[in-house]
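Please go over the structures that come below.
Okay, so chain A shows up in both of these, paired with chain B first and chain C after.
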Partner chain A sequence: MRTILYLIRKEFLQIFRDRFIGKAIFGVPIVQMLLLVPAVTFEIKNVKLCIIDRDMTTESRELVSRLEGSTFFKVRFSTFSEPEGNDLLHRGKCDMILQIPSGFGKEQGLAQPGKIFVSINAINAVNAQLSLAYLTGVIRDYNLKVLTDNTDPGFLQLPPQIEVTNRYWYNELLNYKFYMLPGVLGILILAIGFVLAGLNLVKEKESGTIEQINVTPVKKYQFITAKMVPFLIIGLVDLSIGLIIGRLAFGIPFEGSIALLFLCSAIFMTALLGLALLISTFSGTQQQYMFSAFLFIIVFVLMSGVFTPADSMPVWAQKINLINPAAYIMRINRMVMLKGSTFHDLGRDIISLTMVAIVFTTLAVNRYRKTA
Partner chain B sequence: MKRFLGFVKKEFLHIFRDFRTLIIIFLIPAAEILLFGFIVTTDLRNANIGILDLSHDEITRQLSDKICSSGFFIKSEDLLNYSEIDRELRKNKIKAVVIFENGFGRKLISEGKAVMNIIADGSEPNMASLVTNYITAITADFNSGLIQKPGSGNILVRSEVRMFYNPSLKGHFMFVPGVITIIMTLVCALMTSITITREKEYGTMEVLLVSPLKPVQIIVGKVIPYFILSIADAILILILSWFVFGLPVKGSIILLLAELMLYILMSLSVGIMISTVSKTMQQAIFITLVGLLLPTILLSGFIFPLENMPLGYEWFSMLFPPRYFITVIKNIMIKGTGLLYVWKETLILIFFTAVSIWFSIRNFRIRLN
Partner chain C sequence: MTRNTVISVKNLVKKFGSFTANDNLNFEVFEGEIFGFLGANGAGKTTALRILSGLSSPTSGEVIVAGYNARKDPEKIKKNIGYMCQKFSLYNDLTTRENITLYGGIYGMPKALIKKRTEDLFERLSFHEYSDRLISSLPLGLKQKLAFSVAVLHEPRIVFLDEPTGGVDPITRRQFWEMIYETADRGITVFVTTHYMDEAEYCDRVSIMSEGKIVALNSPAELKRLYNAESVEEVFVKIARPAGTKTLSPEVKSENN
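Right after this comes the complex of A and B.
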C-alpha cells in the first residue's frame, strides 16, 4: 500500500511538473463548458424565407402574414422572379422559397385545393424536415381558420376531432443546455482521462524512464494502479468544476444524488483509464498512441448517443455499445441529473459498466510487461 | 537539392516506419464514414413508448394500433395509472407516454372532441419533439379519416415541396464535408506539430540545425510527406463517399482539389506555427486539440448548424478557418457552384495561411536559448 502511495505521489509530481499541462487540466474544462454547452443546439429559429407571391390577393397575403407572425420563420426577401429566388437559395441567403402562383386565392373557393410551391435547402436534412413540419403546421392552422370562417356554425357541424396536448417532462421548455451539459461533462472526463493517462505511460516508454520502474520490485498491479489513480482524481475534480459551472452559469437542475453521479463517474473513469493504459501498452510512441486513441474516442463518442439518439441505431450497433463506457455514462449522467433516477433505476447499467471496467483494467495489468 | 531530397526521404521513412499510425490515419475517415452512414442517425426509428389507456374502447385501440404500426414506435409498456409514468420514464425504458382520457371514444362521438395527452421525456429535447411531432401527425391523419366524406373541400391549401440539393434527405450531405475537414486537421496540423516538437524534445533538432540544410528546407522537407498523405486521405474519403453513399462531386473536381490543397497548406502551416510555440509533444497535442479540432467539430456548422447558435458564436467562429472550408466544399461538392460563389472564403483561407506562415518564420528559432 505504501508503495502505491509513493508511486501516486511521484505521478502527481510528474504531471504537474509541466506547468502548461497543469494549467490546461483545469482550464480546459472551464473553457469547454462555457463554450460548448450553449453552442450545441438543434433548436431551429429564424429560418430565412423568400416569398414569391404571384397572386397578391387577400388570401395569399393572409398566408404570408401568418408565416411572418411565427417566430420560426423570418421573411427576408420578397421577389417576383423565380431565378432570383433560386439564386438566393444557391448563395445561402435564404433557406426556403415559398411560391404562391397566381390564381391561388381564386382556386380556394372552388372544389380543388389551392397550390403553393415550396423549395427547401435540404443539405441539412434534419433542419429541412423540421422547417417543412413547421410550414405544414402553419398551413394547417390557416386551413382550419378558413374552414371555420366559411362554415356557418348552426348549419354545418364540424367533424369530430381528437385534440392533442403535450408536455415535456424533466425539461419543460426543451432547454438544450440541460440536454448538452450532462453529455459534455462525460466527453470532458473522457478526453482528459484518455489523452493524458495514455500519453503519460507512453511518454515514459518513449523517453526510457519506464526502465527505471521496471527494475524496481514494484508489482505490475501497483504500477498500473499508480498510473490510474491520479487521473481518476483529476477527472473527478474536473467533474466537480464542470458541475459548479453548470450550476452557476447555466442554472442546470440537479434532481438526483450527487454521490451516485460521482460513483458512476469513478467507475466510468476506471473503465476508461484501463482501456487507455491497455492501448498504451500496445503503443511505442506518443504519436502512435494519440492516433489509436483518436480512433477509439471518435467511435465511442459518436456511438454514445451524446449528439444523436442511441436508440435509433441498428440493434447490432446497440450490442457493441455494451462495451462502450461512453454510452453508459451519457445515459447515466442525463438520468441522474435531469430525471433524478436512483441507484435502483440504474442498477443494470451500473453492474455492466463495472464489469467493463474490471475487464479493461485486468487486461491492462496483464498486457503490461516488466521485462523487455 | 540532392541533400533536400535525402531529407524528404528520411521524413518518409519516419512515417512508414510507424506503420500502425499510417493505417490508422486511413482507418479513422473510413470508420467515420461508415459510422455516420450506417449507424449514427438522427431519425426516429423504433422508439419505445408507453400507452396509458384509461378508456379502453374501440377508438383508442384503433389509434394506438395506428401509432404503433407506423414503424416509428414500439409499444413497450401498457401503463395502468399516472404514477407509473414517472417510474418508467426515469428508468429510460420509454421515450414518451400517450394518455387517452377516460371515456375517450364516447366523448369523441357525442361531444365531437376528445383529448389525447402526450408526455415526452424532455431530457432529450430532439427526441422529445420528434416523438411529439410524429404522434401528432399520425393523430391528425387519424382525424382526417374520421371525416365522413374525404376530399369534400376540407383541404384548402396543398403544398408541393422540392428539397433542393438533397432530395432524399440523407444525412451524408452534412457530414462528408465535415469528415474531410476533421481528417485534414488531424493529419496535417496534428502530425506536423508532433513531428517537429519530437525533434525538439529528443534534441535531434540540434542535429538538423547544425546540418548544412537551411531552416526553410527543414520545414518544407518535414511538411511534404504529410502534404502527400493528406491528399491521399482526402481522395480516399471522396471515393468512399461516392461508393458507399453514391455522393458525387457536382462541381469541378479540379477546383475541389485546388481548394483541398489550399486547406492542407493552411493546416500544415498552422501545425508548424503550433510547433514553434510548444516545447513538448504533449503541449503540441493539447494546443492542436483545443485550438483546432474542437472548433472544427463545433464551430464549423458540421454537426451543429451555426445559424442556430447564440449570436456571439457566429462571430467567434469566424476566427477559425474550418467553417470557411466547409462552406467551400459544400458549395463545390453538393451545390455544384463554381469559384464565383466561394472566392471570398478562398481569400480568407489564403489570408490564414499567410498569417501562420509569417508567424512561424518569425518564431522559428535556429539557436538554443
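Right after this comes the complex of A and C.
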C-alpha cells in the first residue's frame, strides 16, 4: 500500500509538472461542455421552404401563412415553376418544396379532399422525417379549422375524434441539451482516461524509465493501480467541473443522487483505464498507442448511444455494447440525472459495468510484463 | 577465506528467434567481489545482465542469483539487487530528491531511513545544490553518479551496472570507480559490464565475452600472465576479436613477438 502511495505521488508530480497537461486537464472539460452540448442537436428549426402555389386562393394563402407562423419553417422562395423549385432543392437553397395545385381552394368549397405535394431533401433521413412530421402537424391543425369553418355552427357536431394530450416525461420541454449533457459528461472523462493514462505508460516504455521500475520488486498490480488512480481522480474532478457548467450554463436538472453518479463514473473510469493500459502493454510507441486507442474511442463513442439510440441498433451491435463502457455510462448518466433512477433501478447496468471494469483491469495487470 | 557464491550460472542459453545471444554461459560470482563483464558491442553482455537481474527469462540453463532461481523467482531476486541501466532511466521530470524518495519507497524503506540516506548521499557527493533540481538539468556525470547511488540506496546484496561510465569524462570515471570500491567495501557485490579495458583492471575478476560465449574468466593479473600481455586490453584484442576483424590477429601476434 505504501508503495502504491509513493508511485501515485510520483504520477501526480509528473502530471502537474507538465504545464500543458496540467492546464489542459481542466481546460478540456470546459471547452467540451460549452461547445458540444449546445452544438450537437437534433432539434429542427428553420426548415427552408419553397412554395409553389398554383392556386392563389384564400385557402392556399391561409395554409402558407400557417407554415410561416411556425418556428420550424421559413418560407424562402415562392415560384410557379416546378423545375425552378427542384433546382433550388438541388442547390441546397431550400430543404422542402410544397406544391399546392390549382383547385385546392375550390375543392374545399365542394367538400372534396384537397391535395398537396411535398418534396424533401432526405440526405439526412432523420431531418427529412422530422420536417415532414412538423408539416403534417401544421396541416392537421389547418384541417381542423377547415372543418369547423365549413360546418354550420348550429349543427356543429364533429365526427368523434380521439384527442391526444401528451406530456413528455423526464424532459418536459424536450430540451435537447438536457439529453446531450449527461452523454457529453461521459465522453469527457472517456477522453481523459484513454488518452492520458495510456500515453503515460507508453511514454515510460519509450524513455526507458519503465526498465528501472521493472527491476524493482514492485508488484504488477501496484504499478497498474498507481497508473490508474491519478487519472481516476482527475476524471472525477472533471466530472464535477462538467456538472457545475451544466448547472450554471444550461440549467440542467439533477433528479437523482450525485453520489450514485460519481460511483458509476468511477467504475466507468476504471473500465476505461484498464482497457487503455491493456492497449498500452501491446504498444511500443506513443504513435502505435494513439492509433489503436483512436479506434476504440470512435467505436465506443458512436456506439454508446450518445447521438443515436443504442436500443434501436442491430442485435449484434447491442452485443458489442455489452463490453462498451460508454454505452453503460450513457444510460446510467441519463437515467440518474433526468429520471432520478436509483441504485436499485440501475443494478443490472452497474453490475455489468463493474464486471467489464474488472475484466479489463485484470487483463492489463496480467499482460503487463516485468520479465520479458 | 571462504567465499560465498551469490551468482551461479550453469549452461545459460538465451535465444531470440534463431539468434543465440548467450551461448552456454557458465560462471560464478562471489560475495563482495567486483566482477567485470567484458565484451565488444553485441557480444551478449546486456542480455546476460538482464537475465541475472530478472528482467528477462533464460531460454534454458540454471541461473541462481542471491539464492533465487531467475526463471522461477525473478521478483525475489529483484528484492536483493540494485540495477543501473545502460540508458539513464531515472525520471527526468522529477527532482533529484523526488527520484530518491520514490525508489526508497518502492524498496519499502522506512521514511526516516530514506531521509537519512538521502542526506548522506547529498553530503557524500556534495550534491546539495542539485537536490531540488529536475534531473534533466543535471550534467551527465552527475546523472550517472546519482543513478548508481539510487541503485544501491536500499543496500542490496548485488548491484548490476550496465556500462555505467559510457560517455563520461575521465575524471568522473575515476570518481565513479571510487564509488564502486566504497560499495564493494560495504560488502555489496558489484557486477559491472564495460568495454573500457582500463576499467577491467580495477575488477577483482573479469570474464570476457565474444559472440555470445565466455572466452576467458580470471583475475586481470592472471589473464595478463596467461596471455603474455601488458594490459587487459591486449588480452581482449588477442582473444575477443569480433567476427570480421580476425585478419588483424597475425599483425598483433607479430608485434608481440
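The criterion applied here is as follows: the second predicted complex is superposed on the first by the 363 of 372 C-alpha atoms of A that agree within 3 Å, B and C clash if a C-alpha of one lies under 4 Å from a C-alpha of the other, contacts with A are read in each partner's own complex, and residues count from 1 in each chain.
Please note the rule applied: a residue touches a chain if its C-beta (ideal position, glycine included) is under 8 Å from a C-beta of that chain, and two chains touch if they have at least 3 such contacts.
Not measured: the values here are computed from a predicted model.
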(request) Consider chain A as the common anchor and indicate whether chain B and chain C clash or fit when overlaid. (result) fit
(request) Could you look at A:Gln287 and tell me whether it touches chain B, chain C, both or neither (first, second, both, neither)? (result) first
(message) For A:Thr371, using the defined touch cut-off, is the partner it touches chain B, chain C, both, or neither? Pick first, second, both or neither.
(response) second
(message) Which partner chains sit in contact with A:Arg167 here, chain B, chain C, both or neither? Use first/second/both/neither.
(response) first
(message) Looking at A:Gly208, would you say it contacts chain B, chain C, both, or neither? Reply first, second, both or neither.
(response) second
(message) Quick one: is A:Tyr6 in contact with chain B, with chain C, with both, or with neither? Answer first, second, both or neither.
(response) second
(message) If we overlay the two complexes on their shared chain A, which of chain B and chain C does A:Gln129 touch? Say first, second, both or neither.
(response) first
(message) For A:Thr216 in the superposed arrangement: first (chain B), second (chain C), both or neither?
(response) second
(request) For A:Asp18, decide between first (touching chain B), second (touching chain C), both and neither. (result) both
(request) Check whether chain B or chain C contacts more residues of chain A in the superposed model. (result) B
(request) Please state the minimum Cα-Cα separation between chain B and chain C in the superposed model, rounded to the nearest whole Å. (result) 14
(request) Jot down the residues of chain A that show up as touching in both complexes, chain B in one and chain C in the other. (result) 18
(request) Show which residues of chain A lie in contact with chain C when the two form their complex. (result) 2-3, 5-7, 9-10, 13-14, 17-18, 207-219, 370-372
(request) Would you tell me which residues of chain A are touching chain B in their complex? (result) 18, 20-21, 24, 28, 31-32, 35-36, 38-46, 63, 89-92, 108, 111, 113-129, 132-133, 135-136, 139-140, 142-143, 146-147, 157-172, 174-176, 178-179, 191, 195, 199, 203, 283-288, 290-292, 294-295, 298-299, 302-303, 307-309, 311-314, 317, 331, 334-335, 338-342, 345
(message) Give the list of chain B residues in touch with chain A in this complex.
(response) 18, 20-21, 24-25, 27-28, 31-32, 35-36, 38-48, 63, 85-86, 89-92, 95, 108-109, 112-129, 132-133, 135-137, 139-140, 142-143, 146-148, 153-167, 169-171, 173-174, 186, 190-191, 194-195, 198, 278-283, 285-286, 289-290, 294, 298-299, 303-305, 307-310, 313, 327, 330, 334-335, 337, 341
(request) Can you check the complex and tell me which residues of chain C touch chain A? (result) 50, 53-57, 74-76, 78-79, 81, 83, 85, 87-94, 98, 101-103, 105-108
